[in-house]
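Here chain A shows up in two complexes: once beside chain B, once beside chain C.
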Partner chain A sequence: MASPDGVGSTSSVAVGAGVAAGAPARRRGAGSLQALRRSQLSFLLWIFGPIVSLFIIIRVIPIFVILIFSFTNYSITRPVWRWTGLVNFERLLQDNNFLLALWNSTEYVLVAVPAEIGLGLLFAVLLSRRVRFESFYETLYFLPYIIPMVPAAIIWKWIYAPGSVGLANFYLEMLGFGRVGWLTNSKIALLAVIGMHVWKNLGFFVIIFLVGLKNVPADVKEAAAIDGASEWVKVWRVELPLLKPIILFGAIMATIWAWSAFTEVYIMTQGTDISTGTEIAVLVFRIYQEAFRFYNMGYASAISFVLFILSLVFVLIQFKLFRGWKEEGV
Partner chain B sequence: MRETRHSALLHAALMITGLAMVFPLVWVFLTSFKTSQDIIRATPTLLPERWTLENYAGLTKTAPFIRFFLNSLLISGVSTIFIIVTCSAAGFVFAKYRFRGKNLLLLLIISTILIPLQTYMIPLYLLTRWLGWINTYQGQIFPLIIMSSGIFFMRQNILGIPDELLDAARIDGASEFAVYLRIILPLSVSALAAISIVNWVYTWSMFIWPLVVANTEDMFTMELGLMYYQRQFITEYGGIMAACVVTLVPVLAVFLAFRTRIIEGIAFTGMKT
Partner chain C sequence: MSKTLGTSLATLLAVFMLAAAPMWAAAAQTEITIWTAFPEMHQLVQELAAKYMKENPNVKITATLFPQRAQEEKVAVALPSGQAADLIELDKFELYPYYKNGFLEPLPPDMEAWVKKNWPEYSVKANTAEDGKLFDFPWFNAFKMMFYNKDYFKEAGITKVPTTVGEMTAASKKLTKYDAKGNVTRAGLDYRIMGGGAGTMQKYWTQAMLPYGAKVLDQVGNKWRAGYNNDAGRNALKMYIDAIHKDKVVAFDHKHDAEGFGLGVSAMFQREAWVVGYLAKEAPKLNYGVFPMPKGSGGWGTVGNTMGLGVPKSSKVKKEAFAFAKWMMDDAQSVYSFETSGWQPFRTNVDYAALYKKQPMLKEFIQTSNLAGHAVYDYENMPAISEVHNRMAERVMAAFKRADLKDNPQGIGKVVGEMAEETNRVLADHGLLAK
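So, the complex of A and B:
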């Protein structure tokens, strides 16, 4: 049911194919035009067709199946399942674990997205001032982004380790502050994990904003300089408004990554003596536990569905906000 | 005068934050060469007191890290080979063919870039189970053989190849398959290099999917093996750090070798399928 558009378009090729080669068609005889059409059709059928089918099987259908499952009590441990209507969603509203995870994920998005966009813009603007060794700094900021999340999370778990073992506490004490229970104090733990998430992803935002700033036409910058605009005014009034589409793209990526954060939370809170696991669980963590630990596939699908809708809503809000910004005509 | 002071301040700010960004990585690297007593000292030093390889030597004794490493290489390598074929062929069709529904299909592909695997892994898992692929290499690889953002990236690149070039080959009687092989592929080598590096890094770093489908040690990737290892040997800091370094080094080596390509590819794709 997921695929009518996709499959329909591949099979409708039979009607429309061959148009692609309009130019040579005029120069060629009718026979070779037919040969070309046949050749194009077989490329679509044997190469493009399977790729699109694969895409639909592993990307499109699963998304629709999630929607269906969220209205069932499906579980792989039970042979039968039935429609349960809105029961899963009603249960969600009374499930404290879910509500906590929902709140934690919301906090994740509300803290991580502004931090990543703000800091990303700051460093991109600084680097775009024709700094020497720019690519060296670029590399430093980018390194955390390129490395895998698992070792990165393990490293930070160690930095945040309780007592005097962890580096974070060691430096705090050196500076004369008291120790902090980075991952043991449930009030701080989530922020500590978000901090790690921001550290990890910041490089991506610096890079995309820097690419955008470099593409600001030189004459626009010169015009502003001739008008006697200060550096600050140039950034705020000229460069950032021109960067809007990229900021929007960055904000969308940051939002989606924050909603779907899992690895760092899983690694940093699981399997140690410090068990803040349930207190700082996020939505994907709940999905993982419900689906693959308790085998409540139906219920977990309902959580996935909520996650999907939430990301969609946040992306739409950002589009709206940015459109407003544009019409304001800064 | 004022200019130079400004730029000195700027460099100081950039240097301090930049070093702070890589400090955890440097710390781990140096720690992996420390002896176990050295690691738990009350006042840690940056450089090891005595350089040792014992943490690395101990790795293969406690867990089959060589196997994990090869598994990761196999999975990310096969996925990348598939990505090269699927992205270039689909990109070719989206850039150069015209048929009804094409733009709708392209829009569908682009919109899935924004939907992370985490939201639909349950149906994917059930599909894997139905295929009998739980705890196999196929099961770990098959969700990674289509890269939506890569298809779009290739389409944008192939749009720039002039139609006359394709038509000339067609007039000479080349089949579409030959056009794809002899014109499209050679002319998009650099774009393909960018997406294959990005895809390789992405699949090497993959965690949640292997966690769900791989359940015995012989199928573990480096990431999965590392996670279980640090869970089991909580206090073996030296070993854990050495294992982290082994996981990081291939990615860092690839990054430093192909810096520009990676940045170009990642700025476009966001490094997610």
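So, the complex of A and C:
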């Protein structure tokens, strides 16, 4: 009798001999499969193990360490510290400096993210049409992104300098307008810094959205054109929906960058001249101050953990919103 | 064959010894590392180090500059972990907590005796810890005086420098200039109303609190509490609020500090001796003078805080580090340091006559620091002092921007009261609050 598995005479002899004779052959096959799987798993472990371990050590474990520190009065200048429970978190609720920084950071996110995404999409859509000197514009938009933040912030601090010394006020006065206290007027100082942040990062979003737009299948656009869709409808109903994954990625990056803004705020608040004081302090600035100016690592850890949770919540909300957008078929 | 072998071996040995000689020489050298926090000090330290190394070829000194705030952060991490330089230059109030926690080495007895003999009493006292030991070398004195523009004074008809707070306030009103829109184009007195943390608080303490007799901290035994929640403290804040929002002798939207003074944007401002060298370089034609901080109803004096040199306990070359630090403060190097960096050394009994011929303004700083009846204040030796001053700075800078505090004693009282509560909370966190 021919063996169903076509193994040949051995197998047919084995079949003829009964189950006992057939079982060793199946076990050998199953054993090979298991050995193969073990070998594959082992390969994956060797390849990904080190990088995942590094990720856990550098990215994941510190989160738990910070959480533990946030329940203590740990200070790097004091060798002895103790468990304080929720004291640090209770203090946060009464700390006006923290509450101001929380408000500033939230304002930062709520202004910077829509500005970066909105303007990024606008310029990307414009550049995706046939534009002369397109490469030149792309370079122009991307240049601020590759300038390091420290020199960029210093230059903008000079632009925003008070009196006629600053470039912005110099041109405003030349045009007949009054001076603006860019960094001295508490109502607009934070917006001025956010403006600088958006200017710096805009190029990144323009480029990623432009790449996405250029990858929209031509036949889809042609079909829309044949159906008589206007440019606006083509953008809103055809291109943007296809760009959703990239917009989601952009929104998450913009959110994380806005929550973690520090350098520009630090530069704008330091120095004996034209600095804003701490009214534009954001959460990361507060963390830095508590940890490295006042050495209150425990309290700084509590603020860090709050920031971590806030960022996570915002990102999760974005995921949910985009999923909802997808389900509606917009 | 054996002769050839012997010759070859001898040649090899000779070549090896010649090649290895620099390494042995380096191994025999003592290496001292020093971290500096101010650019002009760094240049000075490098020059002094070069001189010292010439006199002491077995010593190698490496100086690294970290801007002040970065220096503080670096020390915060490196010193407790034993990774700091052999000599650390910082404000003494930043060094003190490290001494208290056992990370800094006190001065050896012979050096302590030398400092006590050659330093002003207030400096020795300010750098002595609770255990009676000097915890750092008090190197430079950040002694504050008022700089004034002589041409502006003459133009305004002011014939003598102010000696009281009232005279100074009156003069500042005469000296201020405005444009057609009412913007301040020349500050009559450039109060320090913005800028990073403790520096702003330091100037506020000097300009307003001291003359009204307001203390930052009251000491009760070995504990502390806020010393300014009183009329003196409220008058100090009122002085600034009136200057900004009532008399409008200073504003936020013009150039400030030494640069503003050098550009002629202010008629008076408060700073340290380093400005003399700065103006000699940046505004050599500026016709200016200096005068002591004016007297007030509560007292007369200034803040002359210590910039010190500390030696970590973890240093493996403590003896050599102390020796180099002491050498940097001998007579010749003190004159050189004052001339090069502009910062005023604490050393007394030094003959600066030759330096005064080149920079006569520096004489005023030395003479004023020895004036009878004129007190020189420094930060208290307690671990929380930096946090107290930094937090007060945030609150006063926010208050300076509030026009609603003009003619508002209740508002000012509330600001000062809340600030004092925070000071006491910081003290309580450190277990230092007096009941």
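Just so it is clear, the second predicted complex is superposed on the first by the 272 of 330 C-alpha atoms of A that agree within 3 Å, B and C clash if a C-alpha of one lies under 4 Å from a C-alpha of the other, contacts with A are read in each partner's own complex, and residues count from 1 in each chain.
Definition applied: a residue touches a chain if its C-beta (ideal position, glycine included) is under 8 Å from a C-beta of that chain, and two chains touch if they have at least 3 such contacts.
Because the structure is predicted, anything quoted here is derived from the model rather than measured.
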item: Contacts of A:N97 with chain B and chain C, given as first, second, both or neither; value: second
item: Partner chain in contact with A:R293 - chain B first, chain C second, else both or neither; value: second
item: Partner chain(s) touched by A:T184 [first = chain B, second = chain C, both, neither]; value: second
item: Touching partner for A:Q270 - first (chain B), second (chain C), both, neither; value: both
item: Touching partner for A:G163 - first (chain B), second (chain C), both, neither; value: second
item: Touching partner for A:L86 - first (chain B), second (chain C), both, neither; value: neither
item: Broader residue contact with chain A after superposition on the shared chain, chain B or chain C; value: B
item: Touching partner for A:I76 - first (chain B), second (chain C), both, neither; value: both
item: Touching partner for A:I252 - first (chain B), second (chain C), both, neither; value: first
item: Touching partner for A:M149 - first (chain B), second (chain C), both, neither; value: first
item: Contact residues common to both interfaces of chain A (with chain B and with chain C); value: 76, 165, 270-273, 292
item: Partner chain B, residues of chain A touching it in the complex; value: 5-6, 8-10, 12-13, 15-17, 19-21, 23-24, 27-28, 32, 35-36, 39-40, 42-44, 47-48, 51-52, 54-55, 57-63, 65-66, 69, 76, 123, 126-127, 129, 131-133, 135-152, 154-159, 164-165, 167, 170, 199, 202-204, 207-208, 211, 252-253, 256-257, 259-260, 262-263, 266-267, 270-273, 284, 287-288, 291-292, 297, 300-301, 304, 307-308, 311, 315
item: Touching residues on chain C, where the partner in the complex is chain A; value: 69, 72-73, 76-77, 80, 97-98, 101-102, 181, 183, 192, 194-197, 199-200, 252-257, 259-260, 265, 383, 386-387, 390-391, 394, 397-398, 401, 429
item: Parts of chain B lying in touch with chain A, wherever the complex brings them together; value: 7, 10-11, 13-15, 17-19, 21-22, 24-25, 27-28, 40, 42-44, 86, 89-90, 93, 96-102, 104-105, 108-109, 112, 114-116, 118-127, 129, 142-143, 145-146, 148, 163-164, 167, 170-171, 173, 175-177, 180, 201, 204-205, 207-208, 211-212, 222-223, 226-227, 230-231, 234, 237, 240-241, 243-245, 247-248, 251-252, 255, 259, 262-263, 266-267, 270-271
item: Residues of chain A touching chain C in the complex; value: 73, 76-79, 97, 161-163, 165, 178-179, 181, 184, 186, 269-279, 289, 292-296
